[in-house]
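As structure tokens, here come the structures.
One chain, subunit A, appears in both complexes that follow, with subunit B as partner in the first and subunit C in the second.
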Partner chain A sequence: MNGNSTLAAHRSQGMKAAQLLFPAYLWLVLAVFLPLSAMVFFSFVTEMPFTGKPWSMTVANYAAFFTTGIYAKLLLSSLRLAFEVTFWCVVLGFPAAYVLAKVLKGRSREAIFLLVILPFWSNGLVRVFSWAMVLRSGGILDTLLNAVLPFKVDIDLIYSYPAVIIGLVHSYVPYIVLTCYLSLQAIDDSVIEAARSLGASRFTVLRRLIIPLSLPGIVAGAVLVFVPVIGSFMEPRILGGRTGTFYGTVIEDQFVAVFNWPLGAALSFILLAVVLFILAAASPVMRRSA
Partner chain B sequence: MASVEVRNLSRSFGTFKALDDVSISFEDGGFYALLGPSGSGKTTLLRLIAGFGYPDQGHIAIGGESVERVPLEKRNIGMVFQSYALFPNMNVFDNIAFGLDVRGVPREDAAREVRRALELVQLSELETRRPHQLSGGQRQRVALARAIVINPRVLLLDEPLGALDKALRLDMQVELKRIQREVGITTIFVTHDQEEALTMSDRIGILRAGQLVEEGAPEDIYRRPKTRFAATFLGEANIFEGIWTDGRLRLADGTLLETAPGAGRGATGEPGCCLIRPEQVRIAGENDGGTGNRLEGRITRRLFAGNWTTVFVDYQGKTIRVGQANTDFLKLEDGSKVTLAFSGSNTIPLQS
Partner chain C sequence: MSPLTRLLEVVGRLFVGLLLAFLYLPIVIMGLMSFNASPFYMLPIEWSTTWYVQLAGNAQLVDASLYSLKIALATALIATTLGTAASLALFRYEFKGKKILQALLLPPIAIPWLITGTAMLVFFFGVGIGRGLHALILGHVALALPYVIIVNNARLKTFAPELEEAARSLGANQWQVTRRVTLPWIAPSVVAGALFAFAVSFDQFVVSYFLATPGQTTLPVEIYAAIRKGFTPEINAVSTIIIVLSMALMLFTARFYKFGGND
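Now for the complex of A and B:
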């Protein structure tokens, strides 16, 4: 083929791709870019415009983060929460994904899969309130344990840090299960068998083959959990009570309680910056595993 | 290196008998082919020897020692999978070193062994490549090197050449045979390619529907098969059906065929069949007397394949193949009448 016609072919292909992509880009602009730019604008004003009060441009909302220290402290505890939730999600989700992908077959696999996906289909609020009923003193877990155990136990996890962790792990573990399931599925069974026939124990196979080969799935799932958990507010608020004040709940307060949208917007962008920074710092690891 | 002894082995999946009372012994240092159509239980037999799963019944001994209670990672067996099953996250060197690593072989010793194995399969320059950067034939060699570097007692190969194209396949057949001779390891080789089985192995076992139909040296199975299945599965075959009459087979038109003595002969009055290979049949001249079996037929087709010619002769509505290295066959005309001659000693009675 001669150079000109290939170029032309490429160009017409590019045109076709542009036509196909246009609706998606339009949607992105409308749904993401416009609201986001509005929020950027809000984060630099003293008072919400259109409310009749006088307003001016300022950086005070961002300065508040650095001058008071309370927000930074809350952000740190949110980060810690996100790390812990991600950790428990991986610890619980990876083995579940392994069993789904490599142990169960046919019907039983479908059934268990459904159970794992179920939290996705239930309303988040319902889910969190159900946990509140379970974890309360005199609640479901408490009553159940006291019914079977010969001694009296008092389970009162509600309004505590562990309750927040439990609620969040339950909400987010399906992400880890799904991403790990996909990468575990892709591992050829005969590769595992070959390792076993070469004398490797089950543990060695896990350490040297299964975990390295499913690392992309683990990392992708961890990111999917980590990022939203930093900004989460529903689970901390309902299950954490007074202990449940985190960065996400403070942002929520600015929007729904104190109506200080400019501060809320500024805090949100600081969170976004921190998340992007963490992802960038972790990206060499992720790229290596992918 | 060791012999492998399989006795009365059975394995079912649900109600389906994948292996049904199979007994076979593989001698130390031999090269065995397990041959059979797809689904005949070849892989199942190989996997049981390797220790992937346990038999429902029967015994397996490797090197005279029973392995029923030995888990697979302790059996010290080299296995090559049809899909090669290389470790995608490791380079060629690490793939081959894996078995030595898990055995705790010191680094320098392991490296030396790996390099030797790489030399054996002629891949020394590729040790830092990843599996996805290799061609099919190269992956095959890596899989082989990885299996033999642990110095296994037995080498098991499950259709190792199945995924290669014809030319590469022939190269690898020669290569595999050379490596097996060099290492001197007992090798069990599964294939559904009869030519591969004939050219490569010292002995062949033919499986059908989970049962071992026949076992023996390639020439013996080819020349004097005992069963109709083996006769037709291995090589080209002309089969005649008829009624046994004092050790001779009476065909439908009343012709009596002389047959070689053998267990396939039935008692007088019993129906039976016998085999004559295409290359054992001659086209006799007009006044060429002679003894043995003679049949009159008509040429329907001639197939010239360079060094070989096959002539298809119609005899009583049945097509008989005659194969000769003789190109004079080409001078014969389609439709002309010919006399086919073949000796009774090459006419092998078969059990059906």
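Now for the complex of A and C:
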């Protein structure tokens, strides 16, 4: 079709396409791309211009990030949280994806796959809240364990760093299972059999064959977990209590408690830069799968 | 099969079982506790529907639920219409910049909602849109649109463009081609896209949190406020209802989309 298509034909196709595309993309521009661009502008002002207060351009909001150290420190702790959550998600999700793709067959595979990714499509806030019930002292986990175990245990994980990790891993592990399952399923079983019959140990097959071939899936899943976790604020608030202060919660505060929107915009924009950097760094590996 | 292989398979199945337990245990416990008469979650459970009865009488939560439902329905309708039109254009025509347009669908999905939500808040205030129902619908549709387009595009890949050409050469106009040939083929993905859009909106917390007016909020925002004030068994009850409904909706979507893909 492209071979003899002239420029004119291309143009008329473009016109027809534009009519159908215009409403959707106008909407995206208005509600996503203009706001993201406007945020850059608002991150350079002293006061929000429409409040009636006098305002001027400034770099103070960014200076605050680089000089006070508190925001940079919080960003680092959010990055650390994201690393730990991603690590646990891969540790739990990859083996499960392997069992789903290579061990289970037929209807049981379909049913269990659906069961794994189903919670992910249910309300995230409610799922985090359900952990708050389980983890609190005198809560269900506590009572159950004490009923079974001969010695007294006191589980009081609520409002702690591990509680935040548990809640976030619970929220995001389905992503890893999904992406790893897709790339593991694409590995031909006969390749694995060939390697085994040529004398490769299970460990060698895993290390030299399965992990390299499923790497795009692992990386894609890791990015899908890492990126939202750096910006998480609801999970640390509900499960972390006073220990749950992260970069995301500080941004939330600027908009709903402190009302320093320009600073909030600058902090958000710095987070956006970090996110875009991670997406760009991961894209060569992910593209290999496409 | 060697004994070691068999052992490893058993361990593997056990592992998946434990992962499922990890995923469902808190949800099941929450559900059980919503039927426990004790507000302090004392065991053994004293079965009761008190909290559901109280919930029905909680005007604030009922209002928020209806508000969320209204927004989700509007979002599903608008996002499905605009998204299906866009996906048809992306499928049918060759033009410059198509790759860029497809890439532009990713930011609303990939950028954390905290960033998108705060950017919307700041921008909507700046241009006078402000907060409230229209801002919420504006934001929710933008988040749902990419899902609708991506789901439709996946289905359109299985569609033979020759069918459109055949219909055209038999004298059908563009609208007739779309309505009688293309849309029936992609009907499963249009429905699936609409259900996704509904779910994205109904479960949306972060963006709603920034765009809702303090007086009238959506159900997730109301729940968040209640959780931060302290635990109440009523929140267990409403949470249980939400999680059962949203899982049922997704199960239905998965089945429906699957059936569509098999014929």
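Operating definition for what follows: the second predicted complex is superposed on the first by the 245 of 290 C-alpha atoms of A that agree within 3 Å, B and C clash if a C-alpha of one lies under 4 Å from a C-alpha of the other, contacts with A are read in each partner's own complex, and residues count from 1 in each chain.
Methods note: a residue touches a chain if its C-beta (ideal position, glycine included) is under 8 Å from a C-beta of that chain, and two chains touch if they have at least 3 such contacts.
The structure displayed is predicted, hence computed values, not measured ones.
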{"item": "Partner chain(s) touched by A:R196 [first = subunit B, second = subunit C, both, neither]", "value": "first"}
{"item": "Subunit B versus subunit C as contact partner of A:P23, first or second or both or neither", "value": "second"}
{"item": "Per-residue contact with subunit A, leading partner among subunit C and subunit B", "value": "C"}
{"item": "Touching partner for A:L213 - first (subunit B), second (subunit C), both, neither", "value": "first"}
{"item": "First, second, both or neither for A:D188, with subunit B first and subunit C second", "value": "first"}
{"item": "Which superposed partner A:T204 touches (first subunit B, second subunit C, both, neither)", "value": "first"}
{"item": "Contact residues common to both interfaces of subunit A (with subunit B and with subunit C)", "value": "none"}
{"item": "Complex contacts: residues of subunit C adjacent to subunit A", "value": "8-9, 12-13, 15-16, 19-20, 22-27, 29-30, 33, 40-41, 43, 82-83, 85-86, 88-90, 92-96, 101, 104-105, 107-108, 110-116, 118-126, 128, 138-139, 141-142, 145, 149, 199, 203, 205-206, 209-210, 220, 223-224, 227-228, 231, 235-236, 239, 242-243, 246-247, 250-251, 254"}
{"item": "Touch list for subunit B against partner subunit A, complex", "value": "50-52, 72-79, 81, 83, 85-89, 98-99, 102-103, 143, 146-147, 150"}
{"item": "Interfacial residue positions of subunit A with respect to subunit B in the complex", "value": "188, 190-191, 193-201, 204, 208-209, 212-213"}
{"item": "Contact set on subunit A toward subunit C in their complex", "value": "1-2, 5, 10, 13-14, 16-21, 23-25, 27-28, 30-36, 38-39, 42, 48-50, 92-93, 95-96, 98-100, 103-104, 112, 114-116, 118-119, 121-127, 129-134, 138-140, 143-144, 147, 170, 173-174, 177, 202, 227-228, 230-234, 237-238, 248, 251-252, 255-256, 261, 264-265, 268, 271-272, 275, 279"}
